[in-house]
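There are structures below to look over.
Each of the next two complexes has chain A plus one other chain: chain B in the first, chain C in the second.
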Partner chain A sequence: MFAALHNAFDPALFWEYRVALLTGLLQNIIIFVESAVLAILLAFVVGIASLSRHGAVRWTAIAYAEFFRNTPEYVLLVWVYFVLPLIIGTALGTKVKLSPHVAAVIGLGVAYSGFLSETVRAGLRSVSYGQTESALSLGMSGFTALRRIVLPQAVRRMLPEAVNQLVSLFKSTTIVSLIAVQDIMYQVSMISVAEMRPVPLYTGAALLYCVVVILATQLFQRLTERWRRRGWA
Partner chain B sequence: MIENFNRFVLANIGALLDGLWVTTYVCFWAFLLAVVLGLIACLIRMRLPYVRVVAIAYIEFCRATPILVQLLWVNYVWPEVFGFPQTVTGAGIIALALQSSGYLAETFRAGFEGLPKGQREAALAVGMSRWRIVSRIEAPQVALVVAPLVINQLAVVVKSSTLVSIIAISDLMYQGLKIVNQWYEPIEVLTTIALAYFVFLFAISRIANYAYVHFQTKFGIASSQ
Partner chain C sequence: MDGDRPIIQVRDLRKSFGSVEVLRGITIDVSPGSVLSIIGASGSGKSTFLRCLNYLERPTSGEILVDGEAIGPSTAPNGQRTSGASPRDIARIRSKLGMVFQQFNLWPHMTVLGNVIEALIQVKRMPRSEAVDLGRRFLVKVNLLDKKDEYPAKLSGGQQQRVAIARALAMQPKVMLFDEATSSLDPELTGEVLEVMRDLAREGMTMLVVTHEMGFARDASDRVIFLHDGKVEEDGTAAQVFGAPSSERCQRFISSALS
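== the complex of A and B ==
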């Protein structure tokens, strides 16, 4: 029993490679932060555009959200890595090469901007239209009304759902190893090839992710609760 | 562009359709297994006081681990530790099912907890057994409430199933990447695959939306408060 468990997960092996694994985790976190910023920026633009008065703008935004919500992240990632440089290169008439890191950030950012834009849209719609109307009748411009009246309330209501989306974005950052970004799963597969013992490392990676994700979820939920109560967001 | 489309996509349409079939097959079994596992985990968590902890740990583990990690874990670790699955297809199905069963268990639990408590008390008062209460009173109502969310989970399974290509299950993504690696002409093949997945998933999300809007009224049961 103990031997089987030891074979399934060997902490000593994990400790031995701690530097490589932690560098990998750091890489995951960097990609997570960069793609989260990209996704949030795009999501606000698309979410606001999807409630526009102009039909063309509205439908473009809705089509964007539906497309990126319904295309698998891995397919998008591979598409951005292989196809996007060729298209940009043909358009500019030069050879363009995207580094795996940039491709990963663009792919994940764009994929999650689809999900997040729905969150933004739902949040904006939850603020009653009467408030926009009264802001406009006080002489605010449309943009000021959005910035000063609607967005502060909407953002507060979006937070719990946005946290869920960001957690799943963090989980998705594992797939960047497939386009050779040197993240934690990349390190794990390199080490298990070198050691010829995949079993303990994969179990360790699974447990590590489990702990990191549960801790991060708890932390973010606490933080957003506090923001909501103090009215910072 | 058209030339390349003919050469790389249409010439290999047989392989791509085979891949689509494998994707469908894997997703179907994974989804079925996920619903069963999710229901079991949910009922254990709600109704069995002493083993509840095990169900909670299982659900949290499934939800907090990325699908890629689970896939590699099941593929490499399970055969050595548990002696199964023996094929990569089995590993793919189990990993996808694990991931979704955690989410589905929580969805089912939300459905059960949304029911008014009085119904359960009334059923106990007229002398129904616990199992009968679940099967006759609660499950039919919960099924209608959670149907849209469960269909959405099918979309998640299909999305995650793109990753099974990396453990050499010959699904749509695998066939596509094989053609790309053979000719090094990624534009047409990868775009076609992205669009194919989009159509597949968009259809599922429309069905979920239909279920969300119409199921409650159509089957004539009042929605739970």
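== the complex of A and C ==
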């Protein structure tokens, strides 16, 4: 039984390849941060647009959110990596090639902007219209009311849901090895081939991932504790 | 002549929500320094009327002049637009009208002082230190300076409403609009808010007060109008409207409200 357990998780093997594994994990973290920034920026634009008074703007935003929410991120990733360069290339009349890294950031970024824009939209709608009305009645423009009064409250209410989405995004970064980004899963599969012992490394990668996510969410909880105490998030 | 010009002029104001006509042609002038109470049953259009004045509701037709200036695109009875105020003009005219809401609508993510100075900084572009000085002055006025660093959630309803009044006053508006300012307060908290309103009236602030507080309407206002079904049904001094209303409906409303 001990042998079986040892086969499932072998700290020594894991330690031996620590540099390769941590370099891989760092790749995941970099891709996560870049695609999260892209996703959040797009989500605010799309989320705000989806509540626009103008029908054309509103429907475009809703269509965007629906499309990206309902398309698997794996398909998007492959599409951005293989198909998008062909389209751009044809349009420009030259050969275009996206690096796996850029394709991964774009693919994951747009995929998650769909989910996050729904969170932004729900957060904005949760702030009562009276808040905007009191701002307008004092002579603020609609934009100032949004920026100073509605968004700060909406963002705090979005946080719990947004954190869930970002945890999902971080976990999704493991699929980027499919387009040959040298992330942790890529490293694990390479080493597994060399060592001919896949089980302990995959177990180690799973644990490593789990630890990173738990630490990051705990850190986040601590940082936003003050807001929660005042009942804002 | 300019001194006698009504501060607010309303001509044939109409407002429909879908097929329901809530305001059916209201014409009224409000002279500066006067206190006008607007009474009537729920659904009579009192709040809608007040909200049209600062364009939180877009009138269907009619004309509203604030200090001689048209707010919003006005429409003649034949449906033709006669003038158009830009969003910027609308915002500027709104800042001349302070509004106090039934639900207070304080901003929960800002402190009491933060609520009062926000529009001074964002709208009047006042330097922060100057805004803070002014904000403190108006918090003294509503007797809440000691709460300046609290968040609204920590205050009672009456205190929140007084902060909302200070926030509106800090913009130094020409007219104050009160939209059922005491209706969502517990009975024991209405007194402190009404007291602030009475003080303002004594100081000569022009006030339009939509209220169910018949005591305030009777004692503190120069003029009372009774709205019924989107029209002015009774219009006169407090003594006239409460003492000898000409409309039977108004008479019934007042006797049931005072009992």
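Criterion: the second predicted complex is superposed on the first by the 225 of 233 C-alpha atoms of A that agree within 3 Å, B and C clash if a C-alpha of one lies under 4 Å from a C-alpha of the other, contacts with A are read in each partner's own complex, and residues count from 1 in each chain.
Note that contacts are C-beta pairs under 8 Å (C-beta built on N, C-alpha and C of every residue); 3 or more make two chains touch, one makes a residue touch a chain.
None of the values given here were measured: they were computed from a predicted structure.
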Clash or fit, chain B versus chain C on superposed chain A: fit
Partner chain in contact with A:Pro11 - chain B first, chain C second, else both or neither: neither
Cα-centre angle that chain B and chain C span when viewed from chain A, reported as a multiple of 10 degrees: 100
Of chain B and chain C, the chain that contacts the larger number of chain A residues: B
Touching partner for A:Glu66 - first (chain B), second (chain C), both, neither: first
Contacts of A:Tyr202 with chain B and chain C, given as first, second, both or neither: first
Which of chain B and chain C A:Gly89 touches, first, second, both or neither: neither
Which superposed partner A:Ile214 touches (first chain B, second chain C, both, neither): first
CA minimum distance (chain B, chain C), superposed complexes, angstrom: 25
Complex contacts: residues of chain A adjacent to chain B: 4, 7-8, 66-67, 69-76, 78-79, 82-83, 86-87, 171-172, 174-175, 177-178, 185, 188-189, 192, 198-199, 202-203, 205-206, 209-210, 213-214, 217
Chain A partner contacts - residues on chain C that touch it in the complex: 54, 56, 87-88, 91-92, 94-95, 97-99, 101, 103, 105-109, 118-119, 122-123, 151, 153, 164, 167-168, 171
In the complex, chain B residues that touch chain A: 60-61, 64-70, 72-73, 76-77, 80-81, 155, 158-160, 162-163, 166, 173, 177, 180, 186-187, 190-191, 193-194, 197-198, 201-202, 205
Of all residues in chain A, those that touch chain C in their complex: 128, 130-131, 133-142, 144, 148-149, 152-153, 156, 230-232
